[in-house]
Amino acid sequence: MKQYEYLAKGTLKAYGIPIPPGQLVRTPEDGAEAVATIGPAALKAQVLVGGRGKAGGIRFAQTPEEGRRVAQDMLGMDLKGYTVELLYAESKLAIERELYISVTTDRNAKKPLVMASLAGGMEIEDVADDQIVKAYVDPAVGVLPYFGREVAAALGLEGTIFKEFADLVVKLYQIYREKDAELVEINPLAVVDGHLVAADARLNLDDSALYRHKDVTVVDEGSALERKVHEIGLAYVELDGDIAVMANGAGMAMATLDAIQHFGGRPANFLDAGGGASVGPTAEALGVLVSMHPKAILVNIFGGITRCDDVASAILQVKQTTGIPVPLVVRLVGTNEKEGVALLKAAGIEAYSEMAEAAEQAVRLAKEAM
Amino acid sequence: MSILLTQDTRIIVQGITGNQGRFHTRQMLAFGSRVVGGISPTKSGQMVEGVPVFDTVRQAVDATKADASIVFVPAPYAKDAAFEALENGIRLLVMIPEHIPVQDSIDIVARAKALGATVIGPNTFGIISPGEHTKMGIMPNHIYQPGPIGVVARSGTLSYEIAFSLTNAQLGQSTVVGMGGDPVVGQTFITVLEHFRQDPDTKAVVMVGEIGGSAEEEAAEYLETLGKPVVAYLAGRAAPAGKRMGHAGAIIERGRGTLESKEQALRAHGAEVVTMPWQVAEAVRSVMS
Amino acid sequence: MKQYEYLAKGTLKAYGIPIPPGQLVRTPEDGAEAVATIGPAALKAQVLVGGRGKAGGIRFAQTPEEGRRVAQDMLGMDLKGYTVELLYAESKLAIERELYISVTTDRNAKKPLVMASLAGGMEIEDVADDQIVKAYVDPAVGVLPYFGREVAAALGLEGTIFKEFADLVVKLYQIYREKDAELVEINPLAVVDGHLVAADARLNLDDSALYRHKDVTVVDEGSALERKVHEIGLAYVELDGDIAVMANGAGMAMATLDAIQHFGGRPANFLDAGGGASVGPTAEALGVLVSMHPKAILVNIFGGITRCDDVASAILQVKQTTGIPVPLVVRLVGTNEKEGVALLKAAGIEAYSEMAEAAEQAVRLAKEAM
Amino acid sequence: MSILLTQDTRIIVQGITGNQGRFHTRQMLAFGSRVVGGISPTKSGQMVEGVPVFDTVRQAVDATKADASIVFVPAPYAKDAAFEALENGIRLLVMIPEHIPVQDSIDIVARAKALGATVIGPNTFGIISPGEHTKMGIMPNHIYQPGPIGVVARSGTLSYEIAFSLTNAQLGQSTVVGMGGDPVVGQTFITVLEHFRQDPDTKAVVMVGEIGGSAEEEAAEYLETLGKPVVAYLAGRAAPAGKRMGHAGAIIERGRGTLESKEQALRAHGAEVVTMPWQVAEAVRSVMS
């Protein structure tokens, strides 16, 4: 779960990492007041889209009056599909140098990874490998101060900046570890007046660990529909096609999208109905798919823990209540396959046993519906 | 006839008195797994499906000489359960739960490495060795059959799909291993492939991968060491960047983890890469002939 | 550093371990009010001496009036040489069973050690070995909940008590670790109404770690003189003899006491002037020895880091300011020995080079002074 | 000719630019120790007593191939310094500071054990091998001379007293080891005695112990394995119970850690126990003849 910039900065501050003076702006008056308080400021849209600056999501104000005007302009604006509801006004910095620092999890090493670079200010993917210092953390040891000094030394830092940087590595790892972060990144890590300041920050938290961080502000960056399905407890991603998809298992769901694309169709969504979802949530999820008004719906089930008769019951439940006014293609194999297929057949729905055939048929029906 | 898990493996079930624990204990016993004990604190003395229940792993290991454990406890308790197993001599640990915090998985995997133990998962369907009539996992029993094909997968249901298609094509399996769908899991393709390399009865390997991370690229170079034919199928070519496709690990982030580079790397090192799951069985047959 | 019972209990409570209702009593009125609030209570003197109960340091009160009277009696009383200034009134418990639990450091194993027993209520040293469950903690792993369950299972506990006990082990280790404790002990750990309650508690903290626990109440259980020397930063223990002793190094100081005893004398104190103390503190410490009015003073220095001329200067400084009105025996060898001996000689003090001779002479002079 | 520390040992000094670090670097160099580098963050490029200063242990080890380190940083920074040394390949670590929190020492000692490193201290005067002309520690240089006697002590100045008395009696030392005065230290009498057992040039051993703990009792049984004559002197017979005699470890607690049981155990296993420090040299001469 990504955190808004102002939340990320608040966390840094709580761990003693210097951030520029800043305050939240919810109204044009807030904008004026912010500039009056902190002086010439950048007003930054608090949305979780990349390339925020280029899209007009960061603007500057020299005076309170300008702050009011800019806030007025920005609040409510559309930024890559997201409505801007909140701005963060932050003091403009006289930046001498820009560094980069992050802590993340390296999947292959299965360890925390500290990355640092003297080439701050651009995406780390765009920095040449030999300009990046990488240091793996032994989770049994953690990050003691020496580790920070080693990174600082590897970057060739000296004096005050060496010490501040070494200290910052320790704190950043504490955030990563104690807040269950997937990524905590300061970029650019600015040098202002000879001291380090976190000019911009990213903080992505581990969804699975939210239960032990009751104080965290939950940010669901999804669309309204995505949030609705997430509340049922299922994984759901909106796509831009017209064939709605439900499958059980994340891999199966991905493969189903691939199959639709393979036959020339365009999937409307990713929906993992879970490894063993029961009738209720399955029906609810299917109801959401119907509400999307797709050109066709493809249900692809390989029954392992999931029972085919449960899935059939869920389909029939939706059919009998809200109705399914679009072409429905069902592929149903595995546990209790016979019972499930029989249930559907009794309701006039033919089930496929081959995934390829079902996907091809769904694509065909969606094209016919155009 | 198999890797990691054989008929001699003595299995305990952590969380045996929960719904999942009970159900899958029955399924494992039905498949032939040697389930010798279960753990459920304050419930020692009970029996579940004829299996004795203990308060602690220590008691169970003392009484049954178990050397493997499958964990069904809820995610917030999974790290505790894993350490309990590892610190008491368990050397094959299957972690079924999903939604285990990544920091916990990092700790589990690091500790297992320090102790020389093997972790399968977390967020896995487990491991099954059809010819040994044993499994530790939640996969359906009826879709497998003994044979020469090793399967290693990141995803559950998709691997069932593929295993079943192999079975239907009379291509039985030596062992099927689920690595798990989380960003940090105990195994890599390489560690599992190395086991398959050492198993003389495994004649070919199917890799079932997906978007996210770079596990497939890392494994590609190893294929030459493996010295056995490999068919790879990776899911997620229709997935957009920046969106998590169900698995915590299945996400294309900042341009990394796309299928293109994975498939390219695997092909470059001799794997037969297919693009749809129903093409796997035929590809296996062709690489084996 | 030992903590008073009420401080120890406060720490347990902060970690979620159940303690009986209780409150501090500083005046007789407090005593009445305490019994009015919590009902029949034990009033316990907050002093750090063993065998407090047998010495009359714990008394009971059924009514507020009795509470007032008992508090009146106890406040100001002398308990094994300590004046009682504070009482802790605690609800009387209907105890069903008494268990024992502690976490401490095992020096030989160099690891934390959890000890537990069904035989609570007596000193653990008096419990038979086969009645004690010992479990060592791997510091790289710490105490996870399973560890508590293993101890509970080894004790043969069941049901609610099993769960509460297992949970308590985790919390007790957290206290041990996070508070830098040398010992945290609950004895008896009472079963009341089928639940665990910490009836009495000990908490000894690591002096060396106090710098990272600014919130801890510092309890110096020493005498006034001991506290004075501790403030200079030196190790000092008052003994009941009449020969004051200063030596450099803890082992040397102990050996010096042994030597005095060997020759039939009785040392008045232990004072480690440190491995490399400078003139100032050494003179200050010597001043304290003079103020004790001993029958003789023995200074035993093996100069390694300590320079013999510095020690001589300190002696001369005290001699010239406060004066040294008791027989002084100095043994001085090692670094800058010649310079030191010469300095003393010029001031009329003969230095010994053999420790045995010096000790024997100090004992002789002390006896002559009687 | 020595244990643990030889002329080949390549030593770095952590905290070399502090007063203590500077002073003892000079003393060590004067004794012949091969001090190859020093650590002081942000001071790399400086020289102290002709020894190059580095920002980190890693840089020092890379540049000098050091394999041993002596730590002079203040106690609150000692754990950090120790881990920096251990994680960068240092395998002989001398921890001079006193007042290191016990929990930190537990962590240091556990980590060293996991990595196979030797920790001397904390709160030690160090280790000296007179015949090898090298020392890592703060002991005065002039009181030692090469010879066949191994000395292992818990206490500093008292060990100087005894070493000097040995030297004056023409009984030179192979190696003198200070275990340290804290409750938790890297060595036990047994681990040090085992090194002396393996050193053919050590003909007899002097143990200098004290009240507190049970290190001496634990060691007593080992004396039979040692197979070399042992003289033991323990300090603290005049110490009262419950009072800490300077060293954090020197306290008779709840009846444990008294001299009686220590001396009895040592005698029972063949040690010559003397009761005053000035009796040590004569006892050594008698057990060696």
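Letters A, B, C and D name the chains as they come in the text, with residue numbers starting at 1 for each one.
What we mean here is this: contacts are C-beta pairs under 8 Å (C-beta built on N, C-alpha and C of every residue); 3 or more make two chains touch, one makes a residue touch a chain.
Remember, predicted model here, so these are calculated numbers, not experimental data.
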| item | value |
| --- | --- |
| A-D compared against C-D, more contacting pairs | C-D |
| Intercentroid distance (Cα basis), chain C paired with chain A, Å | 55 |
| Geometric centre distance via CA averages, chain B-chain A, whole Å | 27 |
| Chain D, residues touching no fewer than two other chains | 111, 114 |
| Junction residues of chain C - those touching two or more other chains | 138, 140 |
| Contact graph of the chains (line, ring, star, complete, other) | ring |
| Every chain pair meeting the contact rule | A-B, A-D, B-C, C-D |
| Contact footprint of chain B on chain A as seen in their complex | 50, 105, 107-108, 110-112, 123, 125, 138-140, 177, 180, 182, 206-209, 211-212, 235, 237, 239, 247-255, 257-262, 267, 270, 272, 275, 302-306, 333-335, 354-356 |
| Chain C-facing residues of chain B, complex | 41-42, 44, 55-59, 77, 79-81, 83-84, 87, 111 |
| Residues on chain A engaged by chain D in the complex (per definition of touch) | 138, 141, 144-146, 149-150, 152-153, 158-159, 162-163, 166 |
| Residue numbers on chain D that touch chain C, as the complex places them | 75-76, 98-107, 109-111, 114, 125, 138-140, 143, 153-161, 164, 181, 183-185, 188, 208, 210-211, 213-215, 218, 235-240, 242-250, 254-256, 275-278 |
